[in-house]
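Consider the two complexes below, in which chain A is the common component and chain B and chain C are the respective partners.
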Partner chain A sequence: MKNYASRITHHLLRIAHYALLLTILFTAISFQFAYAQEDTPTDDEVNEVASQLYCPVCENRPLDTCPTQACHQWRELIRTQLAQGMTEEEIKQYFVDNYGDRVLAEPPRTGLNWLVYILPPAIILLAAILALQKFSGMDKAAENRINYKRDKKRSFIRIY
Partner chain B sequence: MSELNQKKSVPLWIQIIVWVCLAGLLVLVASILSKRQQGALKTGDAVPDFSMTLFNGYEFEGKNEIQFSDFSGKIVVLNFWASWCKPCEQEASELQEAYAFYNGDVIFLGADYVDTEPEARTYLKKFQITYPNGPDMGTKISQMFRITGVPETYFIDQQGVVYYVKVGPFISLDEIKNIIEQKLK
Partner chain C sequence: MFVEFGYGVLVVSLIVTLYSGITAFLGVRKKSTSLIESARRAQLLSFPLISISSLTLIFLLVNNHFEVTFVYEVTSLSMPTYLKITAWWGGQAGSMLFWSWLLASFTSLVTLRKWDRDIEFLPWVIVVSAITLAFFLFMIIFFENPFSRYWLVSGNVVESMFKPTTTATIFTPENGRGLNPLLRHPGMIIHPPMLYLGFVSFVIPYAFAIAALITGRTDDRWTRITRRWTLWAWLFLSFGLVLGGRWAYDVLGWGGYWGWDPVEIAAFMPWLTGTAFLHSVMIQEKRGMLKQWNMVLIILTYALVIFGTFLTRSGVLSSVHAFANSPIGPYFMGFVSATFIASIALLIWRWPLLRSETEMKSILSREALFLLNNLIFISILVVCFWGVIYPLVSELVTGFKVTVGPPYYERATAPLFSALLFLMAIAPFSAWGHSTMQTLGKALWKSILASFVLTVSLFFVYSTNLYALTGFFLISLVIFATLQEFYRGALARQKTKNENFFSALSNLMRRNRRRYGGYIIHISMALMAIGILGIELFQQETQGTVAQGESLNIGEYRVEYRELASWDVRSDGVNYTRAVVDVYENGIYLGQLYPRIDYFFDAEQTMTIPGQRSTFRDDLYILLVDWKSVSNSGATFKIYVNPLVNWLWIGSLVFLVGIIFAAWPDKEMEPVRVKSSAKQTSAAD
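This part shows the complex of A and B:
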């Protein structure tokens, strides 16, 4: 009987031991999760996204360098959104939905915005073609001038 | 000598393309400039229809989304504001008082211009604003009215025509009432 009681006690102790181990393990995991949630994005991470956006109410001011109270609020909003796990693209889309396309540092490639991407290279290309034509024309003219002078000299010698 | 004077001219088709592109660009710039110089909606301008989703907790006749055309036959006071706008704070209480005074006879609407929701909610709570308010998503409404800043308030008559534009904050409740009374009689 005594042997039976000691076996039960031993069994109960083992269960308690496992229960304690499990409790410690779950507590550790929950602390780890709590720590992850409290991990707030740094200023650099916030500015990385903010630099791709412009202040919706100031003239030509990137959000990362804008000193106004409104811009401070938007940077804090980006920090909150990053902490919530939103990606850069999702944050940028949120800003576009709320404040319009004009907040994007790089305009979306749609409609009239295409002019921004097409016009500068087109103008440079056209200028290069014109310059090339002009220079090749100048070379030819100089060559003609030399030939003309040489021919004139020859004909002068022939006459006299 | 004739060879000397010969200049290699730019092909005609390139010239035509360049001039057409230049003319197109000028027309585009002119249209954008003229649109910008139009300024805000003026007295006598009809207001185009628009919709606005209200902040959570705000509603108009049980609906969370308002349609401007639903207000036909009533005076509408549309106020553009933002939580970061200090002058907006000067008139916030007066607008709420005016809304309470007219008790549904006049429609008061608040359009929150480029703002963050938590700060906007704090602002609304601070000034105990209860009339319908919502964010101006994508600045569509403010672009439609071509507002020049905040606060800016549009008084729209029963026919949907702007009859008064207030740029800047109201100085008193009486100022708001005087403008409304012009059309309420």
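This part shows the complex of A and C:
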């Protein structure tokens, strides 16, 4: 009976041993797989960055949709950079350093470029102020007209 | 022989055009009827002359005369005849000839139609038109000659109109390069003529405005004469823009319809001023106000038309549209500047005569709201103009070019477009002269309530995005308010005229074409806004490489790659690579789509044609990006889900209906007695 029990225990231990081995192996494979997945960024991850950049050679074409071979290579470069752990900002800076500010969808907010962001709102604001002045003048004029009519009516009543 | 003939006729056209302009000027100065009549005849002659030259070019295009540079650049043996004809406007030189031909035909129409009635303005209209036409013909003859040929000189191929040396022989390439494949799409065949029609039509109201300034006619006569011209010009320009958007959506392969490309904006800018003009001109007609402002708007529109042509044709801003660089840039810039300065000088001269006849009395009056609408349009113009020219400014000042892309435009224009929607909803309810918050609120409360209920419903069933909900509220307000305005008008007429509701509505609309056509256009704009909101805020995209039988998932869709085939059609000169994908929505099979890439041998260029499944709810838009050519076992797809985008196209069709309704000519009025005439005028108002 004792032998029988020890044999069962032995078998159970062996099963547990194999189970442990299998678990380790499976975990290792999973890890490897996950690692491989993390290593190769997906097209969507690449496009997420590429969509914020413009093709350095063909004008006005975002990098994520540009069909040229050169842009395909730049997208692959972004994939490699992402795999190396570079952040979005670092990748964008890499492209700016190599190809200039024109690769950005908007001019960086520095120096002369501030004009892009300041001038239109300033002009619109000025126009709005002028319009408001005209409108407020309009209201005052209307008020004056009403007051004038009222005063005229009152003076008419006073006289008669 | 044909080449020399076509070119010679063009030179004669220039001489005749110059003659008509100078003679018209002298005729008015000397008050000589015979000189003016001579100018008119010369002007009328320019149209058949340019037509003959154009027909000669078409003949050369259709008959593969590849010794002609333009023919070589835009056609090839494999192109069908209809495409060879449309290649007329597919390249720079031809499109400028097309521009000139349109201008000559429009000016002829104007001078033929009501010469006696508009005799006061028409000689000056001929002068303005002749100056513009002569400029274009000059550019064609000396810089962008569509009849220029290839010559073989000492073993080198050179381009020249005439024999460069005595030993030179004509060089004829075996085949042409062919039209840019992107321009072979049906949308692109119609899109440029539509834009040109719009551009050129705006020259006519401008010419009348200048005539009014010169003659000192400061009343609304010029606006009444050109009212329909302006509407048609606006129709063509608007439709050209919409077609361009549809073309971009179908062939450019980036899942969108508008990329804020500088050349798109170049066509959009005159549309903005033209739209503002269409609104403000009504105030001049009804209230005698904004005369100076209307002049400013039409001068700006003309300047922007020429500026737009300069941007697209000079190559100053290279983009997907700007397919050519040429030496015409400085001349164009000089012409735009000269005409603009001259027009503004004239305006300043006549400024005191153009004062308003009445004053605005209320901030909520219709004229004040129209003025506000104009200011918003001009604000959008400022944003667009600055966005387009800033890269040039940066390049000039710093030596470095920058990109001003969609984030700038979208951030700046979104609140302005929202404000326009709001005005579109409330302005029809405000009265001319005076309105108060109380009267507006009383008229609008039902529409506001309905829009609010709809927006709350959308919050629960569609989206909790605050921007989207604000947009949906404004859109629904425009639609409900406009429908309410139709209902209100029809009901009032039903009561006064004792008609049934539908007859009342129909009669009401027919008697006020411009007003109710305008309301239909407002509804169409709201429908388009639904599409824009959908694609801007809710677009989804994914990309991936899959083997046969594998799938990509996006939203509720699953796209399974079935197979891929690649074959040549030698007669078309095209290699087609077409993928077949199965589409499932929530596990339910919907059908197959066929994204493909066409490779054009002559132009050595590809065109990406998406596989699309369109519904009112969304568009599933699949692009074939790449494939493994050896085994055909794997392919890369880019998939977009574009919610609500079809409302943009539906809105465009409604827009077309609205503007045709508004611009449709009324029956010619019979001569009537003064009393009846006055009555009719007030009814039309």
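By our rule, the second predicted complex is superposed on the first by the 103 of 160 C-alpha atoms of A that agree within 3 Å, B and C clash if a C-alpha of one lies under 4 Å from a C-alpha of the other, contacts with A are read in each partner's own complex, and residues count from 1 in each chain.
To be clear about the criterion, a contact is a pair of C-beta atoms (placed from the backbone, for glycine too) under 8 Å apart; a residue touches a chain by one contact, two chains touch by 3 or more.
Everything numeric in this text was worked out from a predicted model, so none of it was measured.
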(message) Tell me the contact category for A:Leu77 with respect to chain B and chain C: first, second, both or neither.
(response) first
(message) Which partner chains sit in contact with A:Tyr99 here, chain B, chain C, both or neither? Use first/second/both/neither.
(response) first
(request) With the two complexes superposed on chain A, say which partner A:Leu112 touches: chain B (first), chain C (second), both, or neither. (result) both
(message) Touch test for A:Thr42: chain B only (first), chain C only (second), both, or neither?
(response) second
(request) Would you mind checking which one, chain B or chain C, touches more residues on chain A? (result) C
(request) Name the contact category of A:Ile124: first (chain B only), second (chain C only), both, or neither. (result) second
(request) Return first, second, both or neither, reflecting whether A:Gly85 touches chain B, chain C, both chains, or no partner chain. (result) neither
(message) Does any part of chain A touch chain B in one structure and chain C in the other, and if so which residues?
(response) 100, 112, 115, 119, 141
(request) State the interface residues of chain B toward chain A in the complex, per the touch definition above. (result) 1, 3-4, 6-8, 10, 14, 18, 21, 25, 28, 82-84, 114-116, 118-119, 135, 137-140, 143
(message) With touch defined as at the start, can you tell me which chain C residues reach chain A in the complex?
(response) 253-255, 259, 261-262, 317-320, 322, 359-363, 368, 371-372, 375, 378-379, 382-383, 386-387, 390-391, 393-394, 397-398, 400-408, 412, 541-545, 606, 608, 626, 636, 638
(message) List the residues on chain A that touch chain C in their complex, please.
(response) 42-44, 47, 54, 59-62, 65, 67, 72, 100-107, 111-113, 115-116, 119-121, 123-124, 127-128, 131, 134-135, 138-139, 141-142
(message) With touch defined as at the start, can you tell me which chain A residues reach chain B in the complex?
(response) 56-57, 68-70, 73-74, 76-77, 96-100, 112, 115, 119, 122, 126, 129-130, 133, 136-137, 140-141, 144-145, 148
